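Report on one structure; see the data block that follows.
As written, the chains take the letters A, B, C, D, E and F, and residue 1 is the first residue of each chain.
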Amino acid sequence: MPRQHDRRPDALRPVTFTRRVPRHAEGAVVARFGDTEVLCTASVEDRVPHFVRAQRGAKRGWLTAEYGMLPRATGERTRREAAQGRQGGRTLEIQRLIGRALRSAVDLRKIGERTVIVDCDVIHADGGTRTAAISGACIALADAITPINSGALVRQVAAVSVGVVDGGAVLDLDYDEDRRAGTDMNVVMDGDGNFIEVQGTAEAAPFTDVQMDSMLALARRGIAELIALQKDLLVSA
Amino acid sequence: MPRQHDRRPDALRPVTFTRRVPRHAEGAVVARFGDTEVLCTASVEDRVPHFVRAQRGAKRGWLTAEYGMLPRATGERTRREAAQGRQGGRTLEIQRLIGRALRSAVDLRKIGERTVIVDCDVIHADGGTRTAAISGACIALADAITPINSGALVRQVAAVSVGVVDGGAVLDLDYDEDRRAGTDMNVVMDGDGNFIEVQGTAEAAPFTDVQMDSMLALARRGIAELIALQKDLLVSA
Amino acid sequence: MPRQHDRRPDALRPVTFTRRVPRHAEGAVVARFGDTEVLCTASVEDRVPHFVRAQRGAKRGWLTAEYGMLPRATGERTRREAAQGRQGGRTLEIQRLIGRALRSAVDLRKIGERTVIVDCDVIHADGGTRTAAISGACIALADAITPINSGALVRQVAAVSVGVVDGGAVLDLDYDEDRRAGTDMNVVMDGDGNFIEVQGTAEAAPFTDVQMDSMLALARRGIAELIALQKDLLVSA
Amino acid sequence: MPRQHDRRPDALRPVTFTRRVPRHAEGAVVARFGDTEVLCTASVEDRVPHFVRAQRGAKRGWLTAEYGMLPRATGERTRREAAQGRQGGRTLEIQRLIGRALRSAVDLRKIGERTVIVDCDVIHADGGTRTAAISGACIALADAITPINSGALVRQVAAVSVGVVDGGAVLDLDYDEDRRAGTDMNVVMDGDGNFIEVQGTAEAAPFTDVQMDSMLALARRGIAELIALQKDLLVSA
Amino acid sequence: MPRQHDRRPDALRPVTFTRRVPRHAEGAVVARFGDTEVLCTASVEDRVPHFVRAQRGAKRGWLTAEYGMLPRATGERTRREAAQGRQGGRTLEIQRLIGRALRSAVDLRKIGERTVIVDCDVIHADGGTRTAAISGACIALADAITPINSGALVRQVAAVSVGVVDGGAVLDLDYDEDRRAGTDMNVVMDGDGNFIEVQGTAEAAPFTDVQMDSMLALARRGIAELIALQKDLLVSA
Amino acid sequence: MPRQHDRRPDALRPVTFTRRVPRHAEGAVVARFGDTEVLCTASVEDRVPHFVRAQRGAKRGWLTAEYGMLPRATGERTRREAAQGRQGGRTLEIQRLIGRALRSAVDLRKIGERTVIVDCDVIHADGGTRTAAISGACIALADAITPINSGALVRQVAAVSVGVVDGGAVLDLDYDEDRRAGTDMNVVMDGDGNFIEVQGTAEAAPFTDVQMDSMLALARRGIAELIALQKDLLVSA
């Protein structure tokens, strides 16, 4: 079964990162992976949570992330979490992942007693929203913290999904592929090709060592492209 | 004190209504009033709430609205309502207003046992988000229900804010004007210039009959412009 | 269709404001409009919310209002909001209105760093509970703050509902009229006949300029009567 | 230390039960024990909870109770439970007690598949609110169910508090006595002087067999008076 | 109908209190009454709640208790309270009872500004979980506070359930007996046989003075045995 | 730095799986990994969630998991989630992982329209609670579903944590090692050594391909031991 738009198994969808105008936030980027569109903002506040302040020694900052999906970002309308009175398990899992990934990109001692809040809100969803969020938010984060300390961003991070679909490994799954995937894996890496996070799940059947290696190779290739795209934008800041 | 961009007291900000592409929703419009930007979607579901189903007689549909603000739509970041576990009083008040206004635009008996859910999400806020939401959502609503029954939309509705700022009545307040306003009024009207809803509040000092008349005249003028803009888009559907 | 008790369109129901004995509260008044009965208390606490304390400059107080309905104040029992775990949108909308209206009656700089909490609890409901609440709470408020500073109450406020029922404008709707009303408007005014708040909603069909004028004239007349009733009680304090 | 109003240790405060007018509820009684005032309503709904419906065999009804306290029923204002998003442990404990006590008064098989909801709302509190609630609600309950089946009320129930204050047993404690009490006991009995519920708590020091007997004797005496007062009202129905 | 395991009406089930190893808590005891098994821990924290700190005069500590039931501690699985978003009324009622009972065992002035948190978690339930919790937690409490001040434990407390089953009074009801009981009573006493708390409820029919005396006599006998068992363990500490 | 108890890097802690007696649950196992102790129960209910029932075609069952931690399972007391009114993000993330892992072990079409609820409650925590939970729950699950259909368990699943501590890869981290780990990975595999889930996180610095391979090799070795331990127990059922 061919991929949409004649995409090869190792091809990303068309990806763009766009700085948003107008904006209130210290950093604001729209990340698009095909029809997936995520607005990523980075806000800086002059205080840190209690558990950071309570730690002995040098003053440092904190970074936290929140993730949301507009109700009709999806094919069928999703119930609004604010109206339901709580964030679901999927949302919490994703925003914890985004926060961990981006914290690894920052030297928190270099931003002083400040908190960076990264908000990733999905405007339109077609698979891979959490990896698009991480990849775009990295630029919003850079825009927000570089004015504070030009050395605060210690590495770029980017993320992509890979999976086994119809028996073969593919890169950057859209929603349709994600539903058919036997295995689904999200990979976060830095600019040197080292791992920040790997989360792989066998949806249908257990997956083998060989399949894992194939997926990781595709992820490495895709992330290198994303890192290059980010670099273009960061240089132009 | 002059208005931003040399705007006259009776002038709207630059207003655009744009159908969104890509979209999942049956109707999807981005409304912009100056720097205020609201994504309005209309979703159709094949069921009605219990209290509608329970009513005797002919089958009919229902319309409900939800309103949200992305956390960094505002100058200072607003806490995410989903993370706080509840929608605030302001949010509930606004979405009840939007729902009432749009229900008056529809003949609910003509859409069968369906529910239209209107979601208005503020991407960027600079005053007048609720009136931008109503004005834009009317088009999303039309796009969603006209395919069901071409006569279901019984009237256009549009809304604008007016107020008394520095002693004079002005149309379509931005955030800065809103903060300085002595009186703040939201007006919803139909295409014939009749009232759907009027909500006026004395923020600083009580307002007089004369001030009320001035504000209503401005509102009538602004809404006529908005109705015309909507008509252009509806014709082009 | 004649009004209950041969009431003319411009007539209030029998209205009484009664100071409550015994009472714990600094101010406590029972407001009755026909069969609608609301207990209004004003409590004074020696602290202010964070957002008031945080403001620069002179020390000032705050006023907030809460509204509730006993479960069987209504014809059919309403579910208890405390048991449901949240206040509904209607409740929040009403208590925000009451708070705004009463804040306009007080010079918050004259009560020091204190918070006045106005509680309006509906014991029996027959339409017009929010306007009865405002009208009665004004007296409870006066009783609570006058001992602190005899100049703290800067104006009386009173409220009444008006509407279009069976095509004609009527004053002070009971529950039955409210259900049949094509338009429903709540008006809050001060002792000089100026507006504090106007909230008008087309329930069935849009309403015209002429209807609006008729309703406002009735409101003005009714509120003048309520202001006089309040004055009698305030003088006798 | 003498009791307020020269009350003897074995004397109730002035007690009245008054049917409320106007009322929406099937039964509505205001119970006053001194300055304690509780509005008790009984509402009948034509459905039963799932766990009642699920039981095999003959059709039967259900009775449940809810308890609330107006925020300024107390000397210092209590936070509104609806605004806090949950009922406190004290409230739940009290309404469970009221429900159990009143269920023992009804033959639930005789009211068909109906639910009686008893609401006890404290308008003014001066100790003994839960026992006043039970004693007054019994009459509201009778008024609500006797029209359904004249044999549904199988016994009267009434309740009173007793305690050990300054070393001696006293009947029907007011708030001041309650705070000083070494032991505090709530007793619910039927018209034959048998026990429905006993809840005794050592507040300061453990209490003895002898003290328990003294308290139970006072409770028996007080409840007999309350049963007689109820009977007068039930006969006059 | 004979009791399970040929138990006589005045016999406890096999009861053991076992200190838990390994443990993190300052005190940790597993209480078993037949097949009922409750893990009781006492944790000491170096702070007190606001309402304790706010009191004038000498510094003192606080004790609070929490109760929980593992979902499959029961014959049919009970829904997890954490997943439901709130503790039920039964849970709150029980943990309030446990807290009151254990506070009576401690001189809070002797533990300084510390809070003891007693957690009672039911691993397996077969009736009498709250009384097993109190009886076992007393030992965990002693283990936690005696190192702080050897005189802080001012009395032992133990608890047992009694009831009227098939017309006769019985001691220490298991779940099956509890369901058949006409009356159910929980009694908490100290080492001198004085009362800390009595909670008796007529489940089926009101109970008499004579039945109450029989139940209290059984409770006194059972609690004396429990106090002796506790003493063995406390001596061996 | 040597491991506690002279453990080699590739050694599990002492692991035991013990069937629990007495038990109410269809399956009940206590899993111990060193000082980590988790009670795993599997409960079978004769109904399925709506989204399972709604699917076309053959009838099938469902499996869901819940995870909890007793408040004093940890070195410092953790606040009780039931008392806080919600499950935290970590809890939701873990129970979603447990659910996915165990669903992969079952052929849901072979258990009919039933739901298996797996509860994993941590009695004592010393690192690796989620992997101990999965490994133990697999046996509880087998005990619960094998009586329904002896072929319903289609594979064993077991899990273990691995990490990079002080620069070297180690198997089965205790709490102290977990806090020092630069990378932390949880691996779930089946009896054939294929992957069910991999979740690796760089806590301090990104990790390399080589480190990942070392960790996965250790995980494979540890899981093989756990699978063998499970097999012993399953054979003895």
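As a convention for this text, a contact is a pair of C-beta atoms (placed from the backbone, for glycine too) under 8 Å apart; a residue touches a chain by one contact, two chains touch by 3 or more.
Because the structure is a prediction, the values reported are computed rather than measured.
The set of chains touching subunit E and also touching subunit F is empty.
Each step here moves to a touching chain, and the least such steps from subunit D to subunit F number 2.
Chains that touch both subunit A and subunit D: there are none.
When each chain is reduced to the average of its Cα atoms, A sits farthest from subunit D. Comparing the residue numbers each copy contributes, subunit C and subunit D share more than half of them at their mutual interface.
Here the CA centre of subunit C is 50 Å from the CA centre of subunit E.
With centres taken as mean Cα positions, subunit C sits 27 Å from subunit B.
Our note on geometry: subunit B versus subunit E, Cα centroid distance of 58 Å, whole angstroms.
Among the residues of subunit B, those in touch with two or more other chains are 85-86.
Interchain contacts close the chains into one ring where each touches exactly two others, per the touch definition above. In this entry the chains close into one ring whose order, counted from subunit A toward subunit B, is A, B, C, D, E, F. The touching residues of subunit F, when paired with subunit A in their complex, are 86, 89-90, 92-93, 95-96, 100, 104, 155, 185, 189-190, 192, 194-202, 205-209, 212.
Those residues of subunit B that touch subunit A in the complex are listed here as 22-25, 28, 35, 39, 41, 43, 45, 66, 68, 70-75, 77, 80-83, 85-87, 91, 117, 119, 121, 123-125.
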